[in-house]
Structure formats: structure tokens, C-alpha cells
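What follows is a group of structures, each given as C-alpha cells.
Two complexes, one shared chain (chain A), two partners (chain B, chain C).
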Partner chain A sequence: MANAAMMYGSSLANQGKDMVNKEISRFMSVNKLKYFFAVDTRYVLKKLMILMFPYTHQDWEVRYHRDTPLPPRQDVNAPDLYIPTMAFITYILLAGMALGIQKRFSPEVLGLCASTALVWVVIEVLVMLLSLYLLTVHSDLSTFDLIAYSGYKYVGMIFTVLCGLLFGSDGYFVALAWSSCALMFFIVRSLKMKILPSLSSDSMGTGSSAKPQFRLYITVATAVFQPIIIYWLTSHLIRSSESSCLTTGAKAE
Partner chain B sequence: MSGFDNFNTDFYQSSYSVDDQNQAGYGYTNTETPYNKQYGQYDYSQPMGYPSPGMMQPQQPYTGQIFQPTQTYTPSSSQSMYSSSFDDEPPLLEELGINFDHIWQKTLTVLHPMKVADGSIMNETDLAGPMVFCLAFGATLLLSGKIQFGYVYGISAIGCLGMYCLLNLMSMTGVSFGCVSSVLGYCLLPMILLSSFGVLFSLQGMMGIILTAAIIGWCSFSASKIFISALAMDGQQLLVAYPCALLYGVFALISVF
Partner chain C sequence: MAFTLYTLIQTAILCTNAVAVLHEERFLSKIGWGVDQGVGGFGDDPGVKAQVLNLIRSVRTVMRVPLIIVNSACIVLLLLFG
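Presenting the complex of A and B:
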């Protein structure tokens, strides 16, 4: 009797899993997604170093192997989704902790923070896709690539929030400036390889594709957008801690 | 009809000391009266021990008691199944799938983070141990005055789901959800130590912070060690340990604050 019940339960679970898999594979292919998670520790550490200090990195070219890009394990320039996902979750938890320190924590605020950040990622990816489509820029940037590149800013955000929590308002602004510059440099150098492939061949073409300066505008606009977003999503975590520290200090006196 | 009147008054005279079976017998007798009138020789006015045997006599020998199942009534096949399978039944723990030896082995693997883990111990998914650990964690939280079973269950469900998705994407072979939740549940054991420590001393000083960090590191290190050995992922131990550390960090937040 117990065996029959267990088999029934496991068959139900299998049915549910198959249904979920079918629905998910209609929207995205899991194999393509697996490519972005084929990372190892060495890659992650090197990528984090590049994100924080990209000025000494020499070779920004994404390596290919018979027309398919190499997985992130073997090519440090390949985009991945592990770092953006972990950075996003860490950012949400850090925001919860920062709010908890200021005694402003409640689970609803955490959900609000999470959904705000998610909405900004979605908006940025959609704007990028739309502009690339409208200006008929032929690049091999897939949606997942764009999600990856727009998710790298969360690493800078975490660094900024940590400095703001540890060192106060001055530390916050210094870290904001540092991570904005590093991120802008990183985005420009990475996307230049992908959006502005070989300018010489394009200028010889019939002119159907976009002029080179539009591509440059897109790249620069993406880069400039990053610090604005970083400031927008992190300032409310730091400013109130400043004011609460001041008020508690005043009361103590 | 006079017979009925006779019967009724006699019935009320004698009814109070009669137990249920006799009353039922009388009730049964009542409906049978028109049919048994012809037999006539039965005397309904006196309380009888069991009117039913006497009444049923013309129809069939009825040896049982009303309201109690008799041996002859149940089909003989199930009867023999019960009696013969009782000796052949497996012991209860084995039937439930709880194997104390394996549970103890897995617990030892968690408690010695430096020991290399055996990849095959996670082959059978066993949720009994993790359930016990979750309940123990909630109980130690209760001892320090925090009634937060709901948060513990909710966070563990979301965390297990997240780890399941991540490990499926990161490993060559997939994992099952039961395996993930079993491993994460076993590695909750050091967190129970932390929350029981928090019952006695406050965890919000410097000592508490160091202890919390050490225990989070211990939990996530053993969880990642078991995952790595079970899924044969190389060079990814820190990458698996980081999300585990985030999950156990949330548990530690519940214990500390």
C-alpha cells in the first residue's frame, strides 16, 4: 500500500516536472543557458578582477572554436550568467541587511527592492535590443549576452554599498566613482568588439547597415547609463543610514 | 393490533436494563413481527438474552453478535493474507525507508568538513534526517523566544529550489530535487549548534559574529564538498559554496536577530 502511494506520488511529480520543462523550453533553450553557467573558480576570480580594474587587461577579443564561441571556462572574455545572478541575489540580501541596520526592514521592502532592480534590468535589456534592431546593427549579441552584460553592474553596486556602509558617505561616493569608471571602460571595450565588428567591410557595403557612429552612440550610451542606474538603486540605502546616524548621534548628545 | 399493544407495553416495562444488542434485537424483532406471527409460539414479552438466535432460527442459524464483525463474515482470502503476511512484513523502519546507519554516516560526513566525501552516499534521497534537523532548528529557535517556523520552511523551500536550478545548469549530469534538499538539510546541523549557543549567550557581540561566520563557512563548505563529489564537478567548489553560504547566511540572520 505504501509502495503504491509512493509510486503514485513520484509519477505525479514526474508529470509536473515534464510539464514545467516543456513550458520552459518553449521560451528558452536550456542548452544555450548551460553554456553561460559553464564556469569555474579561476574564471570567476579573473572576471571579478577585470570588472573592478579593467585598465590592464590587454586582449578583449572573444575566442571562437569553429564558429561557436568558447565557453567561459576557456575564455575569460566570454560573458557568463553566474556572476550576474549571484551578484543580483547578493545585492538583494545586502539591501535587506542595510535596511535592517537602519531598522527599516520588513519583508515587503525586500520584495520591493528586488522587483525594482529586476525591472531596471529588463528595461535596459529591452532598450538595447530595440535600439540594435531599429538601427539594423548586425551583431551576434543574443538576449542572454545582453542580460549578462547588464548584470555585471551589480558587482559594482555591491562594492559601492559595502563601502558606503563601512566608510560612510565619503566612502560611498569614492566607491561610486571608481566602480562607474571601471564599469564604463569594461562595457565600452567589450561591446566594441561585438557591436562594431569590422568597420572596413561595412563601409564598403551598400550602406544598408547602420552608420558606424550610431553603433558608437549605442555603446557609449550603454556605458553612460550604468553609473546613473548604480546611483539610483543604491543611494536610498546609504542616505538614510547617514541621516539615522546623525539623529542618533544628536540624541546621544 | 392487540398483539402490538401487548408487545409495546411489555417492551417499555422491560427496556431499561437491556443493553444495546438486546435493544437492537428488539428493534429487529419489531419489524419481523408481522412475518413471525404465524409461528406464534415465541414469547416476546419476556426479555430474552438474545432474541436474535431464536428469531433467526427458522431462517438460518445465526451464531454471531450484532454490531461485531464475525470471523465467518469476512472473505477467507483477506483473512489468510493478514495472518500469513504479518510474519513476512518487513520491519517498519525499513518499509519507511529510514536507514539509521546511512543517516549516521551522512551526519559524520557533515561534521568532518576536512574528510573527503564519498560520492555514492547521496544516491538514495533520504528526507527523514533533514526533517529532523529542520524541526530541531525550529525548536532551538523557539527556546530563545523566536517563533519562526514559517520563515525557516519558506526560506529552505526557496533556497532548495534555487540550488536545484543552479546545480542543474552548472553540472554535466543533472540532480534531482530530493538529492538537493537532502544535502542542504543535512548540512543544517552546525546551524543548530549556533542557535542553541544563541539560547545561552547573545550572538550580537564580536564573539557572536566570529562564531556565526565560522559556522556559515562550515555549513557551506561541507555542502559544497558533498555536491562536488556526488556530481563530479571539478574546479567549482567555491562557486557552489557561495550560494550555499548565502542560504545559510539567511538562516544565521534569523538566529542572530
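Presenting the complex of A and C:
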């Protein structure tokens, strides 16, 4: 009797699982998502080093294998979603810790911080998609690629917040300058490969004079947007720690 | 500027509503953004203006019915919960 009930329950669970899979695969293809999470330790370490110090990296070309891009395990230049996800979660935890140090912590503030950062990512991805569509740039940048590239700034944000917490206001600005330059370089070099060369395949005679300009504008605008957003999302975590230290120091005297 | 997800949804609904209320013959044709003025070039890149007009027209066609549903739901929720 119990055996039959167990088998019935397991068949019901299987049915539910199939239904959920079918519904989800209507919205986004799970295979495409699995490609972005196929990482290993070596890739993550190399990618983090490239994000923080991209000036010595020589070859920025994304390697293909019979028309499909190689997964991140075999190609350092491929975008992935593992690093942005982990960096986003780490950033939220770090923001909570920074606010706790300044005794401004409450669980609602943490949720507010998380949703603010998420909304900025969504806004940036939507603006990029809109500009790529309007200027008819036929690149192979999918939505997940754009999410990946705009999620890489969280690594810079974590580094900046850590330096700000450890070394005060001066360390914060030095780390902000360093990670902004590194991130801008990284974004420009990576997006240049994907957006700009798609022009050379279709030989346009007269219309091409405006096109490379706009594509360059998109790349440069994306790059310039990164430091602004890093400053916007991290300065409120650092600024008051300085002023609170000063006020407590003044009160102690 | 602290955003919540609710702010994002609100922004999306307001922007989509704004695009959907652009009337074809009373407004868009008058300023030269009508349906017949977009399909100029037959090359393989239509240009920015044609893409914008295409986008406006497709938003108006596709989102008309879902916007009715979403707006009604918003009105009911705002009436109930303030």
C-alpha cells in the first residue's frame, strides 16, 4: 500500500517537473543559460585578473568552434554569468556589512540596495538593447551577453568598497579610479570585437560613413557609464563612515 | 536614488502607455512620422528614423490588449490599496 502511494507520488512529482520545464523553456532557452555557467576555477581566476588588470592581455578575440562560440571553460574571452551573479551577491553582503559598521543597518535597507542595483542593471541592458536595435547593428550580442558584460562592474564595485572600508576615503577614491580605468579598458576592448567588425563583412559604400561613428559612440558611452554607476552605487556606503568617524572624534574631544 | 522593483514596473507601464497613446492620423502623420513615411530605403539598413517608426508602430499593435489588462489591474489595485 505504501509502495503504491510512493510510486504515485513520484510519478506526480515527475509530471510537475516536466510541466515546469516546459513552461520555463518557453521564455528562455535553458541550454543557452547553461553555456554561461560552464566555468571552472582556472577560468574564474584568469577572468578576475583580466578584469582588474586588463592592460597586459593580448588576444581579445572570442574563439569559435564550427560557428558556435566556445564555452567559458575553454576560452578566457567568452562572457559568463557566474562571475556577475556571485559578484552581485557579494556586493549586497558587503553593502550590508558596510552599513552595519556605520550602525545604519536594517533589513529593509539591504533589500533596497539589492533592488536598486538590480534595477540599474536592467536599465542599462534595456538601453543597450534599444540602441543596438535602433542603429541596426547586426552583432551576435544576445541579451545574456549584455547582462554578463554589465554585471562585470560588480567586481570593480566590490574592490572599491573593500578599499574604502579598509583605507578610508583616500583609499576609496584611489580604488575607484583604478577599477574605473580597468573596467573601461576591458569593456571597450571586449565590445569592440563584437560590435565594430560586423561592419566589414557587409561592404557598404555610401551609408557606412555614419555607421562606424555610431557604433564607436555606443561602445564609448557604455564604457563611460561604468564609473558613473560604480560611484553612484558605492559612495553612500563610504561617505558617511568618514563623517561619522569625524563626528565621534569631535565629540570625544 | 533608491529604486525598488515596483518603481521599475511602474516606469515600464507608464512608458508603454505613453507610446501606445500616440494616435496615427491625428498626430504622427502631422509631424511626418506616419506609417507611410518610414519605409524609405530598400537597402539592408533602414536608418534610425525608420527603426523608431517601426518600433512605435509595433508597440502600438502588439501591446494594445495587454496594456488594457495591465492598466485595469493597476486601477483596481490602486483603488483597493491606495
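Just so we're on the same page, the second predicted complex is superposed on the first by the 219 of 253 C-alpha atoms of A that agree within 3 Å, B and C clash if a C-alpha of one lies under 4 Å from a C-alpha of the other, contacts with A are read in each partner's own complex, and residues count from 1 in each chain.
The criterion applied here is as follows: a residue touches a chain if its C-beta (ideal position, glycine included) is under 8 Å from a C-beta of that chain, and two chains touch if they have at least 3 such contacts.
Treat the numbers as computed from the prediction; the structure is a model and nothing was measured.
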item	value
First (chain B), second (chain C), both or neither touched by A:Ile24	neither
Partner chain in contact with A:Ala177 - chain B first, chain C second, else both or neither	neither
Partner chain in contact with A:Thr90 - chain B first, chain C second, else both or neither	first
Partner chain(s) touched by A:Met49 [first = chain B, second = chain C, both, neither]	neither
Touched partner set for A:Val224, first chain B, second chain C, both or neither	neither
First (chain B), second (chain C), both or neither touched by A:Ser115	second
Chain B versus chain C as contact partner of A:Phe37, first or second or both or neither	first
Chain A residues touching chain B - in the complex, by the definition given at the top	2, 30, 33-34, 37-42, 44, 82, 85-86, 89-90, 93, 97, 100
Chain C - residues contacting chain A, complex	1-5, 7-8, 43-48, 51-52, 55
Of chain B, residues touching chain A in the complex	95-96, 162, 166, 169-170, 234-239, 242-243, 246, 249-250, 253, 257
In the complex, chain A residues that touch chain C	112-113, 115-116, 118-120, 122-123, 133-136, 202, 204, 207, 211, 232
